[in-house]
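See the structures that follow.
Paired with subunit B in one complex and with subunit C in the other, subunit A is shared by the two complexes that follow.
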Partner chain A sequence: MYNEIFDRKIEDVGLQTGIDRLTPEKIEKTVKQVLEGETGAKLKVYHDTCVRCGMCAKACHFYQSHLEPSYSPVAKIHQSIGVLIEKDGKVGPDFIYQCAQIAYTECNLCRRCVHYCPLGIDTAYMMSTMRRICHKLGVTPQYIQDTAHSHSATMNQMWVKDDEWVDSLLWQEEEARDEFPDMRIPLDVDGVDFLYSVIGPEPKFRTHLIYQAAAIFHEAGANWTMPSEPGWDNSDMAMFSGDFEMMGRLKRAHFECAQKLHVKRIVMGECGHAFRSIYDQGNRWLGWKDYPVEVVHSVEFFTELFKAGKIKMKAKHPGIATIQDPCNIIRGRGLYDHLRFLAHEVCEEIVEMAPNGEHNYCCAAGGGIINCGPPFKNVRMSGNKAKADQLKAAYDKGARTILAPCHNCHGGLEDIIHHYGIDMEIKFLGDIIYANMVKTKAVEE
Partner chain B sequence: MYHSIYDLVTGPLTWLGFGVLVLGGLFRMVSLYSLAKKKDASSIAYNKAKYGIRSILHWITPFGTLGWKENPVITVVTFVFHICLLATPIFLGAHIDLWDLNFGVSWPALPDHVADIMTVLVIAAGCFFAYRRVVDKTVAFVTTWKDWFALCVTMGPFITGFLAYHQIFNYQFMIVLHVITGIAWLLFIPFGRLSHAILGWYSRVYIASEFQGVRHAKDW
Partner chain C sequence: MQNTNGWNWEPGRKVETYADCAQNSEWLEEWCVSPDGETVARVACTAPAEFALCVNGKLSENVYEKIICPKFTPDGKLVAFVSQDMEWFLSVDNEVGEEGYGFLWDSMWADGTVAAAVQQDMQYGMIVGGKIWDNLFENGNNFTLSPDGKKSAAVVQVKSLGQADIYTFQEGVFQVAVDGEALGDVFMNVWTPSFNADGSKVAAQVRETLYDYSIAVNGKAWDAKFQTVWEPRFNPKTGGVVAPVRQGGKWGMAEDGKIIWAPKYAQLWHHQFTAEGDIWAICAPEFGKFALVKNDKPFSQTAAVVYDLAVSPDGKRAAAMARGEDRMFSVLTDTGAWNGKYDMVWQPVFSADSSHTAVRVDRNGRQTVIVDGKAYGEDFDQCFDPAFSPDSSKVLIKALNGDEYIRIVADVSEFK
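Take a look at the complex of A and B:
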């Protein structure tokens, strides 16, 4: 049975502290509250009809990497929420530890397994619901909980203070003086074509990404702005920690900051999960079938710029590149054709990974796992040998660059190439476009 | 004695079986749909027939989806199992005779030897599934009594029907057992694991709309 086989408990102070505060009564009450109050026919039907055929096993990179039964999608359900449903929440605290570890750190919510299940069972939804229960029980991994705390205190993921945010933008504008003398990072300009939003880590330690995006917009002659007020951060770890109330507040602040500035739409940086939070989860929590302000991902926006001839490449990125299809924008939002168009515009040669597109393997960082921090790093490494094998195969075909338009994919793949010793570099689209575009407005070198 | 038992199982109990199948099936569909409307509104808001049909057409085609392609043996066995499982009882000559006798309706029947082969195929496929549940570690790990129960209920009428048709053991006893296991089939389809026969279509249409409508991606 499941408990006996679950022998991979990892110590995490956040999980343990939460567990120490639990009583069986509290668990039962909370499980019932979530199952009866927040779930409906979907969960029931999935639970009843899963015929335990095991077809979904091969879908999951964790299973593919370990080839061990307890990592299959259906096994994750079987060892966690399935038991809570069967036993009506009558389980002990130790069992909740197991549930939390599986749901937060052994499932990326990537939904690859949906392509394998003949009955259309959405394991990611079941794992999300499991996380919701853990959140309500106060059993969350320390690191991701810290980002969720930051979200609730500052409305951004990285404890960036309001003045630090504006300072970072001014700093990047100043940095640009040498290259683009009249480049601005416009702040709070009313009624422009788009508001550009980024994730918290960009001002914190990847400021050059803001510089690059601003340079591309400047070159394209775009009419844009960034907001000075909270709401500028489009990231959303609360969505992954199970704190849906906070997820709703974040998305509301994000949409409202665009509405207050009367912009025509929001353009998002190269991030996958932030995109998921506005088209899939956050918008729905707020009651929006689509969203109140049109939102496009960088991959869509760059495609527009290239198609309109507003950005031209001086040279293409040399050598052979392969493409990491981020789950949240490809399987999540169908931007496959956009990404292929761009990849061929900016890179000399592309070799594809197999499988790719909407059948891609997740980077194993997504769904908040990388945000669960160092205690669980090895879970991602040993759990994604499948991706390492894919990358090695692409390497053998000559690929030295991985094009990955997603922050999580970057973090995840960076760790994987180091861990497995694969000599490749990882690039955002913005990195390549900025480095190789025709810069008509730059100072002559 | 034998005749009164036979009359009981083929009379009132069979009515009960079909009654539970139809009413239970309807009840499950209606109650789950209204629960979905109440609790899963943000999910079913995207449901569209177009998405559902497209997805179902892929999933009822052998090797028409990634899941089928990656599990070729299960694909072949599952399709053979389910086609024979549904076609044999509906198109068996002896069953059609009963419909004709009781209600005056009939339709073309399968030749008896074909129906016999199909019955054997169902039993063989069932044995394969049982074998997997024990030997394939991935499947064994997630198997519970519910899965064995579903498999046994499903196989019951085929095994007893086969034995009765070939007059192995006592025919009269077997035929009663066959009718009883057949009734169990009808009783359990609306509930538990076997409800996938009814509810699977719904979850398919839902996830198809979720993928094609929200995610602009295929679900196959």
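Take a look at the complex of A and C:
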């Protein structure tokens, strides 16, 4: 029962095996259970008030890249959850495949379209509900499902075992002592100012980011700690797969890491989606209106350090840089001014992308799409020509560095610059600060 | 509850500087204080890549490449993990066993037994009382000891997984292992095994399908399934297993699979039994509002966050840390909230007769101890958990000011 315009099916074992196990009766029952048991007026109002004006089309990087109406947010809704609502769940398994492919791989939940909808419809919420239904039906892309499994088994997204986590921290601490002889990555220190939390890929294959963050905190004289126990990973692919029960379990583990250590706040590494799971979705699923422990993103924390004069730059990052505004911390959290302040503190010259700030285009990796793995890489590449065009325009103005304070943005933009042949390098704020800060405690100085 | 019999309860103050270690170290790490306040320890870096334990100002003769996670057990043993020549050892009162391991973490204690999680040759299990499990596993986590320290348990992986092997995972790959023997059925997920008092039964959270959660006792799941569950506890009176369960989007409590508190809470967790079989817990009667609850009757005072629940020895009182919507911390008890607001509040401690409550608090970077809402007339750079004398009349304050370690025994009447 494919919609005729949906001619872009991609084979995925998770989606195919999932629909092979479905019956129309199970679909109808599950759809009703989610719509009646887990949604309310909000979804109904969004569905009923959409006038299909298409104003959202130009907001979506998938539409802008393909210039194909079926990629517009409104069309994606009306090829998926809109049909489920109208048909009261009476659809066949093939249609669920289409719904899942659209919801998991053609919408980054970036919420740019919300700004363009004259009625304020939150398409991302509708797509999240679509994903929730797919999760309940067992129709999820293989790789993001595997990541959700990792979360459930280890409380982190990369199957990092308990000992591997602590060992990674000790390894980075040891490495760092060649440069900073008395530097520590303090483990489980009770009552300090902040707990630093990161996402699973950092101990797995981006350990230098932990080194760099620790070096920055060391130079700033920070009073901080990292937990030795599971709960250290702030990321949350269960939120994106639609497994909200697991999302809640992960966020409980994360916040209780901080509560057990009585830290005054959590400083999160440079990740966008994890921030949303902490300040918006996971905390609320657990019944907290606010977050139970004060949480700040690295962009906010680095701003504090610079404004307090605790970190000074020996030199600024050379050349011209442009800024990738991560959706969840800029459009979602409003850290535009913080990021601009920092960018100008650490870079010689900034060329803004156009559009930027809360209107910036998503990297196309966010919302869990990059976690759907190799089968859908080309969806991200072809679906974000808009970002490539933005980057090329910045390149033409001299930018050779992309400042991107988000792991998903890094992964997404790395693929885009290679795919489109754009000769730019991508940096975290931590990369630039660490490389160029005054190191009063290092052996060289 | 901490046993404080035999401690020095002579009123007064003892001040020590313990300066020797500082003079012979490149740096000293955080202070670690024994429950009775008589011993203080710090990890000392004595030379590049060389560490020793500084105990009451004296550096140990044993030095290691690394020393991590020092802590005192309730009976006053100093436990730490030490590493030498790429092997890890469990140090107990500065004595290490002969056998080294690939890695050690998560030290724990029960009734005189010290245990830890272990990785040896990339296989996982526990060492208990210095002896490693006979069987190790591909992965292990959620380690625990029985209350009498005689049994140990963990969640272990019993089947291998290929890359992105989602369907083998969903068929089940985890079990509870007790003393290294995998027990009962294999589940998709298992979390937080917990023993009954004599260690003869172990209960754990399990996920049988992506959507069906339950509690398994000795590896057999309840017939009842729920949207999700939290950690189970044994009822000391009946031997039943009780856990918070989510049903219809609300939280209730189930015992042996049967609902005993109807699901009506926005949250329900951290339940504790009294000796009489009463249940205290933290609940959210409505979204965003948390409270203490006893036997399904929530207390009226609410806060945005409630954590660190403590139940009095007689089981009639409870207290916890509370965080308000103004993001300031206070103490919530069964009789209401204390007046003071702080930047941080630690877990409350009850006196043996259950009549007094002491709490470590932090305000504007200074810490002190509050008893029954009344402050000790002095603050410090840092305090540690307070304790009451066996007759409940005195409070032990352990604190730091600059380089001074201070041990104070104060009468409860001194808190005003």
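We adopt the following convention: the second predicted complex is superposed on the first by the 442 of 445 C-alpha atoms of A that agree within 3 Å, B and C clash if a C-alpha of one lies under 4 Å from a C-alpha of the other, contacts with A are read in each partner's own complex, and residues count from 1 in each chain.
The rule is simple: a contact is a pair of C-beta atoms (placed from the backbone, for glycine too) under 8 Å apart; a residue touches a chain by one contact, two chains touch by 3 or more.
Keep in mind it's a predicted model, so treat the numbers as computed, not measured.
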Partner chain in contact with A:E358 - subunit B first, subunit C second, else both or neither: first
Which superposed partner A:P24 touches (first subunit B, second subunit C, both, neither): neither
Contacts of A:K289 with subunit B and subunit C, given as first, second, both or neither: both
Partner chain in contact with A:G334 - subunit B first, subunit C second, else both or neither: first
Doubly contacted residues of subunit A, that is, touched by subunit B and again by subunit C: 38, 284, 287, 289
Residues on subunit B engaged by subunit A in the complex (per definition of touch): 32-33, 35-36, 38-40, 42-43, 45-46, 55, 59, 65-68, 70-71, 74, 78, 132, 136-144, 147, 150, 191-193, 195-196, 199-200, 202-204, 206-208, 210-211, 214-220
Complex contact set, residues of subunit A against subunit B: 5, 38-42, 44-46, 48-59, 63, 69-70, 72, 74-75, 78, 114-122, 279-280, 284-285, 287, 289, 330-335, 355, 358-359
For the subunit A and subunit C complex, residues of the former touching the latter: 14, 17, 37-38, 135-136, 138, 142-143, 145-146, 149, 152-154, 161-163, 166-167, 170, 174, 177, 181-182, 184, 186-189, 191, 228-230, 243, 245, 248-249, 252, 256, 259, 262, 264, 284, 286-290, 292, 294, 373
Residues on subunit C engaged by subunit A in the complex (per definition of touch): 26-27, 29-30, 45, 48-49, 66, 68-69, 102-103, 105-106, 117, 119, 124, 139-141, 157, 163-167, 169-170, 173-174, 188-189, 207, 210-211, 213, 227-228, 246, 248-249, 266-267, 269, 284, 287-288, 290, 304-305, 307-308, 323, 325, 327, 343-344, 346, 362, 367, 382
